[in-house]
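What follows are several structures.
Two complexes come next, and they have one chain in common, subunit A, joined by subunit B in the first and subunit C in the second.
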Partner chain A sequence: MMAPRFPLWRLGTLTLLAPNRAAVLTAVLGTALVMAAMLLSVTLGEPGLSLSGLVQVLGGEASPYDHWLLWQSRLPRALCALGVGVALGVSGAVFQSLSRNPLGSPDIIGVNTGASAGTLLWLMFLPAWPMFWGGLLGAVAVLVLLLPGLERSGRLSRNLVLMGVAINAFALALVQFVLTLVQREQAQQMLGYLSGSLAHKDWQQVALIGMTLAMALPGLLLLSRRLTLLTLGGEMAQGVGAGVRQTRLVALLLATVLALGAVLCAGPVAFVALVAPHLARWGSHSPALLRSGLIGALLLLGADTVTLMLPGVHRLPVGVLTALLGGSYLAWILFAGLFRSRSQARAGL
Partner chain B sequence: MKQTHTSGMPMDPVLQGQDLHLNYAGVPVISGLDIRIPRGQLSVILGANGCGKSSVLKVLSQVLPPDQGNVLLDGRCLAAMGNKERARQLALLVQKPELPDGISVQELVSRGRYPHQSVWRQWSPEDEAAVAEALKATGLSEMARREVACLSGGQQQRVWLALVLAQQSEVLLLDEPTSFLDIRAQLSVLDFCRALRRQGRTLVLVLHDINQALRYADHLLLMRDGQLLAQGRPDVVINEEVLKAVFDLDARIMQDPEAGCPMLIPRMNSQTHTGAALPAWE
Partner chain C sequence: MMRTSTDRAASGVMSTGWILLGLLALLLGLVVMNLLWGARMLSPVWLMHMFEPPGDRHELLVLQARAPRVLAGVLAGMALAVAGTVIQALCRNPLADPGLLGVNAGASASLVTLSLLPFASEWGVFWQALPGALLASAFVYALSQVQSALGQAQAPVRLILAGAAISAVLGAYVQARVLLNPQLFDGFRYWMAGSLSGLGWSEVNALWPYLVPAGLMLVLLAPGLNLLLLDRSTAVSLGMSLQRHTILAWLSATLLCAAATSVVGPLAFVGLAAGHLARAWLPMSFRVLLPGAALAGGILVLSADLLARVLLPPRELLTGIMIALLGAPFLYSAARTAGEYKAS
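And then the complex of A and B:
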């Protein structure tokens, strides 16, 4: 008899998989990294609040300005970066695993663009009402258009991504339509939102992204075992009892909620949802939701801190930086893959 | 011309399809099929490409819900059963399962335990024992930690068999488990299936090699155009007319000198060309 591979936590009939060493290490390291990134994000950059300033604020002996800076500006901003990063990372991991395509992330297949198009249309036609509803409508519209891609045919992946690309183009056209119609100043504002920005975040937005995560994360974590089974293909997953249709539907819904929350909070920040799951999957054959969320948070916190520190460029929207970083990463992956396949071809493989 | 030969003893069906209909994009694949799978036997479904064999397995396992008709497992309607409950009693190995990147033998086989688990019971000693037993039965214990993608085709097929075995279901549906394997690996898979049947399990296989089917099957199901043309014990049900009807094949039937069961040899076809021009493909 083989020694059990998985240490178990048992309590009567309750048997939970005890986290193995790698999982514990990931959790500890991840938490430490996020704390460090939060600390850097709060203390670095202009307008400045140094480490000693932070200590003073926490000790209650700082100037009212420093107090305001931490509690009303830097901390909500860092928390928004954290929440949006987690939401984008997890959402991207779910979408990529459902579409079985590394390009099938919400920022490519139109969910983010749809939500922002809805928001802008709402701002233009119903400015008196909260723009939340516009984003919701936009995201729901995209979801409804994507649902036929979840039919019982085995060709889910290609359909979902191709349809998503078409939907994305359509939503982008709507965005441009709005931009050409509004006044120049409003267009400027909208462009800032559209590139994805974490400037001027307050506690209301922290609450928004926090509630989004509270709504969608627990359900997705409960589904993660089934999502892992889906990597065997829909038919085998159904064969071992995973309930493929329901899993796909609920996971798609919850992942859309996450993407929507992120877009409402910070605008369509590019590439985090695409890149975080790639990094998270290293050496793993499950969608690795939590790891992806963690990496998304680190990416966004890091990128936002850099935008605060860049000299000269005042208030660079963080989305511009993530797009630059993410685009380069993707290009590097593609070139590396291209190079590998060419050298394999040369080796006659 | 619907002629369903049924032969042999009164049957105790463990799995039963009633008036099944299935369409792919409006094209009927199965139309009005009634099928009964005898308990504790090794059944083999034979038929030409595209006759709906694989679809029958998918419908019988509820992977594809039929457009019309019922599937009964032990007299209970399969559609009304929970996914996990069904998977504890019925396992399916599809023709081309997808292999997750970098997965090890042990991890892949462990996924067969899903229907026995829950959020509160993620991994139990029974799971551990079932996986170990499945690995042992398929001769994979030594390779448990190897990466599946690095194994040979025959070994990989054994890993997939171990996965459905770990499900510990009474009924196993295997779609072309011998395809793409060399002859030795094919026979070892079939011998393994026969051994499972001796343990009292019910197996349904889709096969292409008619002679292997005749040698290994207790019960043959012959399909054409989504219909069952004939079923029963191989030596009773197989004859030249049936082969002609099912496969459009002119063949002689003789006795397998090894096993004593029937075997077939295709006749030299009068249409076989020897000239320079390619014959028209039928």
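And then the complex of A and C:
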């Protein structure tokens, strides 16, 4: 926030998109890192596509199998990981800054679980209709249940997250309800989807997550300065002139759309939305939406590459890996938070 | 709160006794309903012949197959409720619940680990579940001790969130094990959600040898627990060894959770809701609170099981799912008015 701005970039609201040197640096570095991670994700793992094979495919002189492998299997998968990672990272940053609680990310307060419960119930009872609507209904229902927690400015952060934990448990019970009603094979398939998986992605899913990002990301970036103000607290933000309620509602809606898109594309991948904003906040206090999105993409690409490289016949869904890593990280910050000074602990975790 | 506590003092022992009696009557009524109702409704006449050899009277067969299930449900509910009430007092946290704090998830995690290891596959389910439950509860205990040492006892939510984190990690681990072993998946699909179906006398026999000593231990500790509700320094000055009481009570509660979880699966919310109800209705003394909570826990599990069996006949919902569907709204409304643990 305090770094000197590029005078050239100050074009009204667009200053927010490229406000300062640090942001430009982040963008350049982040793009380079994401490109490198994509390259790794496409070339590493089984079944493999070597670097020279990749060059051959791009030159148009490879075997049809390699061609298929890149264009129909690995590239859509990597792009899905990229899009879902960005969506989760940004959505997590918005939820955390709105709830003023580092734990208030969509995967803990039930948005992801709600969307997947909606999807599964829809699949059970209305299989003829696109399951998108089920996910939307589920996510919106969770949002409506969370709204009473947002209105009370005083005790907002604590109870919002706890209410979310309750909603999450309820949605999880619904998911388990569906799981026990279907056949064994279908249940195991659903369980794979429910832990968040990037296997078998095609261009349709890439288009889905791309459209989601196109819908929600620009609006959130335009709102990002107001969101920074909101982290100061509702009263403070109102004093500076930010429309607190409208900003909160619009930002919540857009962040929910992002989380929903991610769930529809890859299932509820756990903890990326929680961890990415934490890492993005490292060294600064602002929510840094874009940075959080980039880190989310890097995390998911990395985790997915690791699952591709793990040996074994049964491939682990990427969500299991992110849950193990992210959950351990969460346990660590909870312990670390305890040993911080009391005033900080009261303000933060 | 002052008003209600004076009310309680005025109405005295009588009303407490009536409440406990009412709970007991409700529990017995639910036991009868659970025995008679289900996919096949039975006439109460059969209860008279309950203990006769069934011969070819299939109604009696159904009745006698339901009996261990009902008994195991009551025992598990009581165990979880008592454990929840004790843990709530020890953490001074009104929202504490063995399911929410990750103790049940610890039991599941060690169960799926040890049941596949060659040297441990012969152990009983209880012994496979116990190490994980002990580890998880030791972790939570350490966390709550650090918390109160740092003077953050007024932040009940943080402990619950730590429990949610532990549960999430362990849950992911269980999921990974289960996804990688299809045969494990088959056996654990129902157990993971918490289920009373298929419980027989062998499960009941596996349950009570652990529940009875742990429950007795807690009853013996009740006066000490009452003192623990006071200020810590007051408790010490009244001549109580704080450390020993706390650790014994915590161990017994963990034992209760591990035994219940190993038989019926990880049921959440029973401890939370039963402890909450008991504290709302009964005077703040563990000699009354523990039996009250135990009765409430049995009632909760039995009514959830009854609903699970009669809602969608002939299908049967899983009890754990029903309990979560009933208990989550409870936590939701408690969260909207979350306060501190009331020790008066």
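General remarks:
FYI, the second predicted complex is superposed on the first by the 310 of 349 C-alpha atoms of A that agree within 3 Å, B and C clash if a C-alpha of one lies under 4 Å from a C-alpha of the other, contacts with A are read in each partner's own complex, and residues count from 1 in each chain.
One rule holds in what follows: contacts are C-beta pairs under 8 Å (C-beta built on N, C-alpha and C of every residue); 3 or more make two chains touch, one makes a residue touch a chain.
Because the structure is a prediction, the values reported are computed rather than measured.
Applying the stated contact rule after C-alpha superposition, one finds that A:L334 touches subunit C and leaves subunit B untouched. Once chain A of one complex is fitted onto chain A of the other, the partner contacts of A:I108 are limited to subunit C, with no touch recorded for subunit B.
In the superposition on chain A, contact is made by A:S195 with subunit C only, not with subunit B. Contacts of A:V144 after superposition on the shared chain: neither subunit B nor subunit C is touched. With both structures placed on the common chain, the touch criterion links A:V161 to subunit C but leaves subunit B unconnected. After overlaying the two complexes on the shared chain, residue contacts for A:A128 are found with neither subunit B nor subunit C. By the touch criterion stated above, A:L316 is placed in contact with subunit C alone, subunit B being left untouched. Touched residues of subunit A were counted for both subunit B and subunit C, and C has more of them. Of all residues in subunit A, those touching subunit B in their complex are 1-2, 4-6, 8, 13-17, 152, 222, 225, 228-229, 231-233, 235-236, 238-243, 283-286.
The touching residues of subunit A, when paired with subunit C in their complex, are 103, 108, 145, 148-149, 158-159, 161-163, 165-167, 169-170, 172-174, 176-177, 179-181, 184, 187-188, 191-192, 195, 270-271, 312, 314, 316-317, 319-320, 323-324, 327-328, 330-331, 334-335, 337-339, 342, 345-346, 349.
Those residues of subunit C lying in contact with subunit A across their complex are 95, 100, 143, 146-147, 150-152, 155, 157-158, 160-162, 164-166, 168-169, 171-173, 175-176, 178-180, 182, 185-186, 189-190, 192-193, 268-269, 315, 317-318, 320-321, 324-325, 327-332, 335-336, 338.
Those residues of subunit B that touch subunit A in the complex are listed here as 58, 61-65, 82-88, 91-94, 96-98, 100-103, 106-107, 111-112, 114-115, 117, 119-125, 128-129, 132, 141, 144, 163-164, 167.
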